[in-house]
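Paired with subunit B in one complex and with subunit C in the other, subunit A is shared by the two complexes that follow.
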Partner chain A sequence: MKMKIKAIAVNTFKESARNKMFYLLVFFGILFALSSKLISFLTLGDAMKVLKDTGLAAINFFCILIAIFTGINLVYKEIEKKTVFNILSKPVSRDQFIIGKFLGLALTMLTALAAMAGIFFLFVLVNGGGFDLMILLYFFMLFLELLVIVALSLLFSSFTTPILSFIFTVSLYLIGHIMWTFNEFKMILRDPFWKYFTQVLYYLLPNLDKFNIKNEVVLNTPLSPWTILFSVLYALAYIPALLAVTILIFRKRDFQ
Partner chain B sequence: MKALEIRDLKKTFRSNFLLKKFPVLKGIQLNVEKGEIYGFLGPNGAGKTTTIKCIMGLLFPDQGEILVEGQPAASLAARRRIGFLPENPYFYDYLNARELLFFSASLFNLPAADVRDRVAALIHQVGLSGHEELKLRKFSKGMIQRLGLAQALIHNPDLLILDEPFSGLDPIGRKDLRTLILSLREQGKTIFFSSHILQDMEMMVDRVGIILKGSISREGKLSELISRSTQYYEIICSHISEKELAKIQAHFACRDGQYSLTLPSDADINMAVESIIHNNGRIVAVNPVKMTLEDIFFNEMRPHRPATTGDSR
Partner chain C sequence: MIPGRLLAAGCLAGLLLTAGMQNRYDATFDYFAERGTFVALPSGKALKVLSFGYSNLAADLLFIWSIQFYSTPYLTNRFDFLEKVYDTITDITPQYKEPYIIGSLIMVYEARDIPMALRLLDKGSRHNPDEWFFDHDAGYYCYKFLKDFTKAEFYYNRAAAKPDAPTFIKRLGAHMVYLHDDPKVAYQMWLDIYNHARDTLEKDAAFNHLYQIKAQNDLALLKERIGMFRNRFRRWPDHLSELLGAGLLPSLPSDFAGSDYLYDPEQGTVSAARVFRWKRH
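For the complex of A and B:
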C-alpha cells in the first residue's frame, strides 16, 4: 500500500517539477524576495526589518500561487486527460490515489519553499541579518498553511473545473485570513440563528491566520510556544479532515 | 469458474442540467471462458466502453454483478488479475516509455529485480525497442497503443481487457497485435476485446458478443455462428454459352471471360456441375460462400438502423 502511495506521490512531484510554470513562479518568488533590498533603500527606518518584511511577503505570495495552481490542476488534468484510468484500473484504491496526490503536492511545495527560503536565508545573512531562527519558524508555519491550501484545492478539483476550483480556493484563502471578523460578527449579531451560523462557519472554514507569524518575526516580538503548538495541531486536524471529504467525494465519482 | 461473468448489468447516465436519465446498459449478460479470445462487437454508442469501464471499476453500475474468476471486479484482488488497455489511451507525456512501465509496475508492488527484465522484454515484445528513452509526447498514436499494451501486460495478468486495441494502428501494427494476442492465448491468457474492425476480430476470436443499444443481441462461438450460416454457393466456369447457362436455374454474371453462377444453399450443386460439364463447359471453382462476421453483424444491426441508410446486406 505504502509503495503505491509513494509511486503516485513521486509521479505527482515529477509532473509538477517538469512544469515550466513551476520554475517560473519559483524564479519570480526568488527575484521579488531579493528585490526587497531595493525597497529597503527607498524606505526610512530599519532596513533589515523592511528587507525581511517585503522578502517574506514575496515568498509567501508566490508559494500560495504555486499551491493553488498546482493543486487545482493536477487532479482535474488526470480526469480530463484520462490518465486516471491507467491508475485506477490497477490495484490502487481511490483513497490511495488522493493521498498519493496530496503527498506529491506537499513534496512539490516543500521543494519550492526550500529553494526560495534557502536563498532568502543566505541573502539575509549576507546583508548582516545573522542566522534568524524566527525566519525558519516562519517558513515552517507557511509550509503548514500551504498544505492546508493544497488540500483545499485538491478537494475542489476532485469535483469541479479548474476555474471554479480557483475561485473557491482563493475565496477561502482570503476568508481564512480574516476569520477574526467572524468573532466580531458574533458580538454584533443579536439573532441567535445568525450567531450560531457565524460560530459554525468560524469552526468550519480554514483559519489560515493561525499560520501567519510575520509580524512577530519582522518586529522580533515574543511568540508563545503554545500558539505554535496549537497551529500545528490545527493543521494536523484540518488537513486529514479535508482529505477525508475529498476521498468521500472521489469514492463516489464515475469516470465517463 | 469463468474468467469473466457479467450478470444483468445496468447503467444509466444523467444529463448535467435537466438530470434526464439515459439508460446506456440494459441488462448485459455475458460469460468469458478461461483461455479464450472474446470479441465484444457493437456500433458506436452501443455501450461497449461503458461495459468495460464498469468491469474496471471506473463506473459504478446501477445494478448487476461483475465477477473476475469468481471475485467482484471492483475488488483490488480482481484488478491484480486484469491487464487493461483503455480506448485511445493517454499517458503522462513527460515520462518516457521505460519510466511509464516502471511506474505501472510500482502500482502492482512488483519486486524491483524482476521489473527491469520484464520492462526490457515487454518493450521488445511490443516493438518499441530503440524508443525507450523517448518522451511520450513525441510518440505516434500507434506507438502509444503499443505502449498501452505493454503497460497492460506488466504484471503478467490472467485476463486482458482491451478497448479498441486496433484503433490507430497501421496494417503492420495490426498484424503484430494480432500475432501478439494469439501468442498470449497460447500462453493460456484470456483476452476480452472490443473492436470495430470486423476482419481482425474474425481472424482471432473464439467467441463473440454483439451489443446493440445496451443489450447483448447475439453471443456464441464464432465457428458456430458462421457455420450455421452458409449463404449460397458460387460456381465459376468457362467455355460455355450463356444460352446453356440460362437452362440452369441460377443467377449468373460474366467477368473476364468466366461466368459466376450463384445458387441458393439448398440447390442441387451436383446437377448444376454435371450440366456445365455435359455442355463442354469447364469448372474453375465451386465455393460455398459462408456468412462472415460482418454479415452477422449487419443482420443484427438491421432492425436497429433507420430504413433510409439502405444497407444492402
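For the complex of A and C:
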C-alpha cells in the first residue's frame, strides 16, 4: 500500500516539476524577494526590517500561487485526460490516489519553498542580516499553511472545474486570513441563529492566520511556544479532515 | 511571412515610441502636485482586514509612501491627514518603531505641531513599554520647543526607568528639574547620579552640575551677606572670614570641589573658580 502511494506521490511530483508554470512562479518568487532590496532603499530607519518584510511576503505570495495552481489542476486533469481510468484500473484504491496526490504536491511545495528560502537566507546574509532562526520557523509555518492550501485545492479539484476550484481556494485563502474578524462580527450580531452560524463558520473554515508569524519574525516580538504547538496541531488535525472529505467525494464520483 | 529582423526593428521602434510618448505625457502634469490630495484613507483596522495577512507589508508600503509624500516641501496641504496617516500605520503594526520616530520628526520639524508628535510618541510608548526612546524624544520636544520643563522631566524620568535606558537620560531629567527652578531637588538628583555614576564621563558631568548648582546658591548667599556687611560697616569686608566675626554667617561655604570662593575686597564681589553658562532658556 505504501509503495503505491509513494509511486503516485513521486509521479505527481515529477508531473508538477515538469510544469513550466511551476518554474515561472518560483523564478518570480525569487525575483520579487530579491527586489525587496530596492524597496528597502526607500525607507528610513531599519531597512533590514523592510527587506525581510517584503522578501517574506513575496515568497509567501508566490508559494500560495504555486500551491493553488498546481493543486487545482492535478485531479481534474487526470479526469479530463481520462488517465485516472488507467490508474484506477490497476490495484490502486481511490483513497491511495488522493493521498498520493497530496503527498506529491506536498513534496513539490517543499522543493519550491526550499529553493526560495535558501536563496532568501543567502540574500539576507549578504545584506548583513545574519542567520535568523526565526525566519526558519516562519518557513516551517508557511509550509504548514501551504499544506492546508494544497489539501483545499485538491478537495475542490476532486469535484469541480479548475476555474471554480481557483475561485473557491482563493476565497478560502483570503477568508482564512481574516478569521479573527469573525469573533468581532459575532459580538455585534443579535440574532442567536446568526451568532451560532458565525461560530460554526469560525470553526469550520481554515484559520490560516494561525500560521502567519511574519510580524513576530520581522519585528522580533516574543512568540509563545504554545502558539507554534497549537498551529502544528491545528494543521495535523485540519489536513487529514480535508483529505477525508476529498476521499469521500472522490469515492462517490462516477467516471464516465 | 514577415522577416525576423523586420519584426525586431518594429518591436524596438514601438518601444522607443511608447517611451517617448510616456515622457511627453509625464511632462504635462506635476506628479507630486497630483498626489497632494487624497480623499480618504481606510482605518488601521480596515487595512489590517484588507491586507489579508500581509499587514506588515501594508504598513511598510504606507510608511514608505508617507516618507516620500511628506518630504515634498511645496505641497502646502500635505499635513491635513498627517496624524491620521501615522495613526493608521501604527494601528496596523503597533510594534513597528520607526513610524513613531519618523512620524513625530515630521510633525515637529515640518508640520510644527508638537502636541501631535507627543500623542504619537505616547502611543509608541504605550504599545512598546520597554522602549525608552519614545519618551526620550517626547522629553526633548517638550524641552526644546514647548519649554515645558516639568513635562520634559516627566518624559525623561519615565524613559530613564525603562530597561536598557542609557544613563544620560537620568541626567537630562535632573537638568530639567534645574531648569524649572527647583535647584534643591535638582541638587539631590545630581548627587544621586554622582554617587552612582558608572563611568568617569557620567561622574564628571554630574560633578559639573553639582558644582554649578552649589556655587549658584552659595554665591547668592555670600553676595547678600556682603551687602549686609557694607550696610552695617560702610565698607566691603577685607576677607570673607569677617562675615563670620560679624555674625552674618555661621561658617564659610566652599565650592563642590572643596576650594574657597574667590573674593575681591576692592569691588566686594565674589565668584567661583569655574563658571559655566549652562543654564540656557
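The rule is short, and it goes like this: the second predicted complex is superposed on the first by the 256 of 256 C-alpha atoms of A that agree within 3 Å, B and C clash if a C-alpha of one lies under 4 Å from a C-alpha of the other, contacts with A are read in each partner's own complex, and residues count from 1 in each chain.
To be clear about the criterion, a residue touches a chain if its C-beta (ideal position, glycine included) is under 8 Å from a C-beta of that chain, and two chains touch if they have at least 3 such contacts.
Here the structure is a predicted model, which means the values were calculated and not measured.
A.B. asks: Counting only touches as set out at the top, which of subunit B and subunit C does A:46 meet: first, second, both, neither?
C.D. replies: second
A.B. asks: Looking at A:81 after the superposition, I want to know if it touches subunit B, subunit C, both of them or none. Which is it: first, second, both, neither?
C.D. replies: Only subunit B; A:81 stays clear of subunit C.
A.B. asks: Contacts for A:89 in the overlay, against subunit B (first) and subunit C (second): which applies, first, second, both or neither?
C.D. replies: first
A.B. asks: Taking the superposition on A as described, I'd like to know which of subunit B and subunit C A:4 touches: first, second, both or neither.
C.D. replies: Only subunit B; A:4 stays clear of subunit C.
A.B. asks: Let me test your reading of the model: by the given contact rule, A:15 touches which partner, first (subunit B), second (subunit C), both or neither?
C.D. replies: It touches subunit B, and subunit C stays clear.
A.B. asks: Thinking of the overlay built on chain A, is A:177 touched by subunit B (first), by subunit C (second), by both, or by neither?
C.D. replies: second
A.B. asks: In the complex of these two chains, what residues of subunit A are touching subunit B?
C.D. replies: The contact residues of subunit A facing subunit B are 3-4, 6-8, 11, 14-15, 18, 81-83, 85-93, 252, 254-256.
A.B. asks: Considering only the defined contacts, which subunit B positions touch subunit A in the complex?
C.D. replies: Subunit B residues touching subunit A: 13, 53, 56-60, 76-77, 79-80, 82, 84, 86, 88-92, 94-95, 103-104, 106-109, 151.
A.B. asks: Give every residue of subunit C touching subunit A within the complex, in rising order.
C.D. replies: Interface residues on subunit C, with respect to subunit A: 49, 52-57, 60, 63-64, 67-68, 93, 95-98, 101-102.
A.B. asks: For subunit A, which residues are in contact with subunit C within the complex?
C.D. replies: Touching subunit C from subunit A are residues 39, 42-46, 49-50, 53-54, 57, 60-61, 173-174, 177-178, 181, 208-209, 212, 214-215, 218-219, 221.
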